[in-house]
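Encoded as structure tokens, here's the structure I'll be asking about.
To keep things simple, chains are lettered A, B and C as they appear, and every chain counts its residues starting from 1.
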Amino acid sequence: MVVYKPESAEQGAALGRAMHGLATELFPICRSITGDGVRQTLGIIKRELPDLQIFEVPSGTPCFDWVVPNEWNIRDAYILDPSGQKIVDFKQNNLHVVGYSVPVEGSFALKELRAHLYTQPERPDAIPYVTSYYKEHWGFCLPYRQYRALPSGTYRVKIDTTLQPGSLTYGEILMPGASEREVLLSTYVCHPSLANNELSGPVVTIALAKWLAEQPRRYSYRIVFIPETIGSIYYLSRHLDHLKRTVDAGFVVTCVGDDRAYSYMPSRLGGTLADRAALHALRHSGHDFTRYSFLDRGSDERQYCSPGVDLPVASLMRSKYATYPEYHSSDDDLSLITPAGLQGGFKMLQRAIESIEANRRYRTTTLCEPSLSQRGLDPAIGTNDAAEAVRDMMTILAYADGNHDLLHVAEMLNVPVAQLAETAARLQQQNLLAEIG
Amino acid sequence: MVVYKPESAEQGAALGRAMHGLATELFPICRSITGDGVRQTLGIIKRELPDLQIFEVPSGTPCFDWVVPNEWNIRDAYILDPSGQKIVDFKQNNLHVVGYSVPVEGSFALKELRAHLYTQPERPDAIPYVTSYYKEHWGFCLPYRQYRALPSGTYRVKIDTTLQPGSLTYGEILMPGASEREVLLSTYVCHPSLANNELSGPVVTIALAKWLAEQPRRYSYRIVFIPETIGSIYYLSRHLDHLKRTVDAGFVVTCVGDDRAYSYMPSRLGGTLADRAALHALRHSGHDFTRYSFLDRGSDERQYCSPGVDLPVASLMRSKYATYPEYHSSDDDLSLITPAGLQGGFKMLQRAIESIEANRRYRTTTLCEPSLSQRGLDPAIGTNDAAEAVRDMMTILAYADGNHDLLHVAEMLNVPVAQLAETAARLQQQNLLAEIG
Amino acid sequence: MVVYKPESAEQGAALGRAMHGLATELFPICRSITGDGVRQTLGIIKRELPDLQIFEVPSGTPCFDWVVPNEWNIRDAYILDPSGQKIVDFKQNNLHVVGYSVPVEGSFALKELRAHLYTQPERPDAIPYVTSYYKEHWGFCLPYRQYRALPSGTYRVKIDTTLQPGSLTYGEILMPGASEREVLLSTYVCHPSLANNELSGPVVTIALAKWLAEQPRRYSYRIVFIPETIGSIYYLSRHLDHLKRTVDAGFVVTCVGDDRAYSYMPSRLGGTLADRAALHALRHSGHDFTRYSFLDRGSDERQYCSPGVDLPVASLMRSKYATYPEYHSSDDDLSLITPAGLQGGFKMLQRAIESIEANRRYRTTTLCEPSLSQRGLDPAIGTNDAAEAVRDMMTILAYADGNHDLLHVAEMLNVPVAQLAETAARLQQQNLLAEIG
């Protein structure tokens, strides 16, 4: 794996624009945790990543404490006001319909209708994002300002949906590496027209998969595009033993598209390779970042890190879900995420992955310091770079006791682990280091 | 056990007054580590707690490095000045006589007498509290101001005491609970007319025992009223194996009567259930408190926490012994302790005990998060209380891995453990949690 | 061992002057990692310490990754300028010749010569100290100011050295103590005319050896005078098993002669007895000190603490190598080290050694606190010293659980461990403590 090889600014910008373009293509699709929106989304992802395997899990399939729900599809939905004017229209914005709304057609007095209307008073011009997956219900979401101005009278309402046995759809790629040890990337494809949370996750994950495909890989990469919660629960219910045996690190890829912040969410107990790599990437990025607690969790780490599952999964984000004002509203749109924001999210995850690839555990092959001069490892005297190179070399050797991995040494020296990895490789070539397990 | 059920302000105040009333009744009795003063005191305690068992341990009984001393009793003691006036009188204040003074009757020149007089120059109007349990001696204590003004001449002195084989007296109650695991409360009854240190300990312990008697108890409660040091040493010498097997937490109840401070004294190594419950109670009390070191120890934790004994015993106090100016002098009187002070000491210990009762260790019964909605545990959307309830529920589940107990989760969430205990009980009823051990 | 018995100020000053005098005698000798300069130095050390054993290790002897190099000796070396004037003369200062220079005799244009000249531009009047042990090379060192003023023309150069099979010379003393457990002192004798780094190390070590010879010793002391790096590597290659079995603590004695700072360099992982004793000595010295990281290492701790060797070796220094401006230049001369500076270095190491000698691990012989009064250990009431004595006694007993050694208790109480050692000895005499291990 080529580590920390910075693309040119131009290549980086092009990648950012490409990701934003893909998000723009995916944006209008009405996704949910099941249904044709997910299938259409996975179809586009498969176009980008032809190795993607797509799975259909029948409604009613039990998984741990849950059952795969009925499949939901929607054709149309609207509200006509007393004057017959269409004031809320699913075709204008798919956030207008409460996700998983059951079909309805009829007339309602304003007062009756209100029990089915959702707004966000503190953000009066935005349409909030609301779902009711597991309680049969119907509803509309609309700006609070519009809601407040509704005249009394009789409203005609139509929601043309189906909620019936079908299946839950998800996608998976396994990219084999030199080792069968795995890194897991998990992102979700269940949010309708929302951008940072959540189209940024799938588009950055696609970019990471394309990048990984071009690299020699030490680790194998397992990448899943699933609906949040029920998707990860189903996936874990079928693959837990394998994952517990093989996954050394994983990331939930979510909220990686705006350009306002970097964020870190630890695994449940912290300190896993994923946590260490994420923090290492952030610390050496030159960017400030916010360190959240697992108490602030909110996405699929809730499943991956649950007791008895305990996979080493952390999150590296831009502005974290539930912390920014546009969250779960129509304001989380394509203007909120930017090419530069997506590029930053991509790069940070790339660096964390590179750190994992670069990290190794060594033991010295000789007692005491080796003689560098007899091997020509002693650089010409005098330059600062040379002094740093010798310092790196000697410190790698000094801590090559089988207990301290390269990431540990890198943190001690406050340098990127990739810098040490090259030095360590040279020492290994000279038979001064032996890799462990 | 009903946890954190606050009595009404009126009930609380009544309890405070009742405790102060009992202290007032006990105050005049001349207690020591043995003798009729202890018996009389235990008699009053047995009137309050009829299940109290009273034990007599014969003088000369060996216990670890010690031997139960002779029994001491006093009828009278005084000093007549050269003019024949009674200037120091045991009947005015029992602190006037050095505890365990041997009998004496005779005339002494002032200079000879001075070798037997004790004062506290930095507190010139107070009578200090002095004892000489293990070295045969006699003496009087008096205000420094009075001492300085003694005219020269011949003084008549009488101390009418007995120091001869008898017994050491102590009391014990065992209040069985659902489990045989025990909580130990230890308080001492060897101080004469002193109030914060030490009548507050026995009166608050009596109140705790009465309160515990009315509760369903998970733990069994072992409560001892003993003389300090020799009492706990004797008690441990006879019950150590049992205590080491069964005691999960214990408190030395001492200095719980004034209204100026809250204090915490850890067990020797800290971190026991008693330490954690004490700190939890203090942190969630809304009061500031002082955290002492075990180096500041001074009461029966010296024995309970000694190497090889190592019981999980901490102290929760108001103003700690040896830190307040009236300590061990006649100024530590019934005006120093207040109904509110005693009430505060009682409440803090009550909360620590409630925290111990509320603390449990769980494991989830399902992998991944359970489906709350299918169980009706998902509260109506929208209120902040509901959000907190869900957060509590999900966090209890997230840490129900067998390693983190409820106290740990409560400290993470910064909420009282009793709040979590109710939520955990609901989850257990729904078979989502299984209690461990 | 008599601990913390301060010599009189006069005795201390006399010791400082004696150490400085010995440094003055040793200063002119041209030492290197092999050769007659080392032999002559060890001869003087043997005059001071007649039990010193001197060893010769033949060139070509393999040791771990290394081979003992050829022996280097020098008779003369100089540069004649174009006018025939001797402008650089080994006989004026042995730093003028790059250590291990191969012989050369010839004429060189200034430009050719420059490739063999070394200066220190940031310290333009000083001769730098340069060596080339493992790459065949020759060179001269001179002040930058002189170097800049060299006229062009042809220079005559002569270096009259031999570099051929011979041996590496080192010295060792083992001073047996009551136990076979060892303390290691390691210092180096390979630097030519340099004072803080490094004649201070040998002269302070000689003083420590003389002092130790007069003390009853609990530990055995192994003291080595070796060339840096190759000396410690050779020594470890022959004695590692023994050292790993017997050494409880060790110090590299280096840079202990100036009067500007105190410094501490930890062992690789820290926390060894040597680290704890060094920090204890420093903390209770009343002096400020700098705490370096093992990343700042630079002397034989690089070998003693290397993975798999891992001896408990730390360094207690005055101004640490590579941190003071005169380091490795002719300004590190006899005016840089002072009698007071050497005396301070000696004292700090003495205190660390005393702390090691004083440190013991105990277990109480009785459960609960013992009865001090029946043993006369209860001092007369009232003085502050007595209160401190009782506090020390009770705290030693409270932590005599087999896990906390006296150094630990001393750090808790913030007192010198030697103070506790006397108290602990008294408790042991009274059979209240039993020593462990």
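Convention: a contact is a pair of C-beta atoms (placed from the backbone, for glycine too) under 8 Å apart; a residue touches a chain by one contact, two chains touch by 3 or more.
If you're wondering where the values come from, they're calculated on a predicted model, not measured in any experiment.
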{"item": "Type of subunit B:subunit C copy interface by residue overlap (half), same or different", "value": "different"}
{"item": "Cα superposition of subunit A on its sequence copy subunit C - rotation in ° rounded to nearest 5", "value": "120"}
{"item": "Distance between chain centroids, defined by C-alpha means - subunit B, subunit C (Å)", "value": "55"}
{"item": "Subunit C residues counted as touching two or more neighbouring chains", "value": "none"}
{"item": "List of subunit B residues in touch with subunit C within their complex", "value": "64-66, 134-135, 229, 232-233, 236-237, 240, 268, 294-295, 297, 302-303, 305-310"}
{"item": "Residues of subunit A touching subunit C in the complex", "value": "363-364, 366-371, 373-374, 391, 394-395, 397-402, 412-413"}
